[in-house]
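Going by the order they are written in, the chains are A, B and C; count residues from 1 in each one.
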Amino acid sequence: MAAKIMVKDLSLWYDGKQALKDVTMDIPEKRVTAIIGPSGCGKSTFIRCLNRMNDIVRGCRVKGKVTIDGESIYQNNADVVKLRKKVGMVFQKPNPFPFSIYDNVAYGCRVAGMNNKKTLKEVVERSLKKAALYEEVRDRLGDSAMSLSGGQQQRLCIARTLAIEPEIILMDEPCSALDPIATAKIEVLIRELREEYTVIIVTHNMQQAARVSDYTAYLYIGKLIEYGITRQIFENPKEENTEKYITGRFG
Amino acid sequence: MVKGENGLWVLRSWLTRSKLPAMVALIFSCGSAIIGFTALGTGHHIPIYQLLFLMLGTSFLASGICSFRRGAKNKRKIIHLLAFGLIELIIAFSASYAPSTIDLWGLNAAPYSNFLFSFGAVLFGLIGVSLAIGPLYDFSPFGNQKSAYLLLIIAILIVLYPLAIIIGQVVINGAPGITWEFLTEDVRNLGQEGGIFPAIVGTLLLMLLIFFIAIPLGIGCAIYLEEYASGRFSFIVRIIKTSVTILRGVPSIVFGLFAFAFFVPLFGPSFLTGGLTLSCYALPTIIRASGEALKSVPQNLREGSYALGATKWQTIRRVVLPSALPGIITGAVLGIGEAAGETAPLLFIGTFTGVSFPPSLFDRVQALPLHLYTLFGMRGAWDVMQNAWAAAFVLLLIILVMNAIGLFIREKYRREF
Amino acid sequence: MGRDKMKSRFHGELKEIKKDVLRMGDLAKGMLKNSIAALMKQDNELADEVLSHKEEIMDMDDKIEHRCLQAIAMYQPMARDMRVIGACLKLITYLTRIGRYGKDIATVAKELSGKPHLAKLVSIPHMAELVDGMISDGLTAFEKKDISLLENFGERDDDIDALRYAIFRECLTYMMEDSKNMTRCMHYIMIARYLERCADHACKMTEKITYAITGERVEIK
């Protein structure tokens, strides 16, 4: 199976303080990869490198190579906008725009220049269906997105990301602000998305990582300690550090 | 405590423990503050200050004693009550012994005695209000809360009181002068007769010009300052922001001088000059308000937009600006309203004659505040006060309507999302 | 901070569960050993004593199982902790069976106590000793997390199987010689069978213990 994303010796500094140290790993295509580790170990920082969201943060310096489909994304003339259409992102706290549900999902397409009403409607419907939200909102697409519950808002954000048809979906602790029922729905969704997309999910909930992912990477203070098949990591990890974290002896 | 004296003992015990003195103290404090305030405001002095202080003193002393008898634990507060009561009694008694001419550092204080007393009444009244509620609730935190609440309400009333008086006076004096002719006719006889139509039109036109000049410039500047100025330019941004803040503090008449020196030679005393000057006056407010509105848009909305492949400008245009719109509109309305009501910037431009409608940019234009100013200047010589009040009424009305429109638009945007 | 406290509560609980399992192991071992001793010495009192533990060992089975399930539900253990709890659940099952075999042998011991032994009980005492050794080593390995004790279990199990077969043949011979020996020989063959089963259970225990400690699945024989 080809590696969709190849990360080599990735290091990152925020205002001189090093947040990632020489992280190297290959992320396979059309699988779910979970990133786990104690708080502040660089999990979110790491995935934000994959769609260059760290560019927005002031004082951020990046070294190393990140290759997606064979192309390095940090090279000088890289098209960041195009990258972000290929690599979508769902954030920890749902952040729908203060527009209608329809406009939220259509946002990415409109921004990309798609204006045909019929096409947009199809895309919106399809994305909402994929995000398992369509049935709940089909009668009120014109309502404000802010009137949805937390779990629905998060699924809306996922639909919004799916609408631009990315190949890779990054999820930064997508369920941490949600109740258990909403969390369960999104976990089911993630398992379904795996068939079409490469999913990378950051989570501090190890049971969730075990339930949802095929591969797991364990990061500790900016370093990649262990990376392997999820079952193996949670049943019998190779590194002592990993074992300690997973069994809760620290962090 | 013999059995026969039971009734009296109960009465005495009830009296010395009751909350009645505290209630009386509260009422008298309020009364004192109101009387003092009105006296200060209207200049009518009722010579009851001595009596007032006497009543206050005794009621505070009594409430202090009663609180003590009730077994209140906060000894410090009781001491406050007693001290306060004592001070007031001392003032009450010393006032009767003070000669009518007090030699205050060599100055004759007689004319000031009324002022001093009414001011003292207000001061002690307010302090008394804050102290008097405590014993009513036995110094519990609940009582403190009530006390704070009451003081806040008083603060609001103090703020609204002058506003009410101003509006009241304008309406009472100006309303009779509002007739259809007044509103639609030209100025005649240097303002003694005729109407203020040109002034109204002029003010409205100036507001329009400010709208087209200051708002795009102001919002654009705010967008640049908040969104674009990145790390490399942060030093420049700070300079610009500081300059804007300083500009807000510049007196409006200095703006007038600036206009006279800069715009008048270029465009003459014209509509354009007036609009430009007022725009300069309105800009800092608009920039500041828009900047705050943009800053208050949460960062995660922008991140969400970037993550979907939008460019910076797309994000600003589609997400940030619409979200910040209520705040920006408020700032715009405030800015235009402020500028339209200013006289000083237009003083030196000399816009005085009537206006033909529509004026070209270089025609002269009249403005309501300015007209009001000139009318007032002539009050000794000619009978123009009625018209002046009426003009003030119209000006106030225009500003109020504008604010109402702004609020309406803002609420409409806010309610949608 | 709160998570640490919960986790250390879990680890404390895990320790207690392990102690309980070892206690149960001692009980099962004891029942087996004493039942063979009762058989050898023809001591009915000892046999009764073994029988009295029947309820106790089933009780322990239930209690430890309940404790393990609770720990899983509450703490969701991972990695080694998860394997250890899984092992505990299996160990108590095997230990219960070993204890029950002890009970069965004690019952037979009472039946045979009237008559004299045949051929010094063939090789039964020797076999019992070997089986007892296997169980002990398994429990010690579990306690000390030392898998070196478990290395040659395959061979030891082979020895036990050989012994059972030898006893079978020997008893067949005796039965053919004299039909009055039939009752005793049948019992002997049964007891040998029980001991062999106990050895199998000890091997299974070893597999689980190895998995718990190393994470690798092994198969004995």
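Points to keep in mind about this one:
Quick note on the criterion: a contact is a pair of C-beta atoms (placed from the backbone, for glycine too) under 8 Å apart; a residue touches a chain by one contact, two chains touch by 3 or more.
Fair warning: this is a prediction, and the values are worked out from it, not measured in the lab.
The interface carrying the most C-beta pairs in contact is the one between chains A-B. The greatest centre-to-centre gap from chain B, using C-alpha centroids, is found for C. Chain-level centrality, scored on Cα centres against the all-protein Cα centre, points to A. Here the CA centre of chain A is 51 Å from the CA centre of chain B.
Centre-to-centre, using mean CA coordinates, chain B is 90 Å away from chain C. Not a single residue in chain B touches at least two other chains.
Taken together, the chain A residues at the contact with chain B in this complex read 51, 53, 56, 58-59, 81-82, 84-85, 88-89, 91, 93, 95-99, 107-108, 110-112, 144, 146, 157, 160-161, 164. Those residues of chain B that touch chain A in the complex are listed here as 230-231, 298, 300-311, 314, 318-319, 322-323, 416-417. Contacts from chain C toward chain A in the complex involve residues 3-4, 6-7, 10-11, 76-83, 214-216. The touching residues of chain A, counted against chain C in their complex, run 206-207, 210, 234-237, 243, 246-250.
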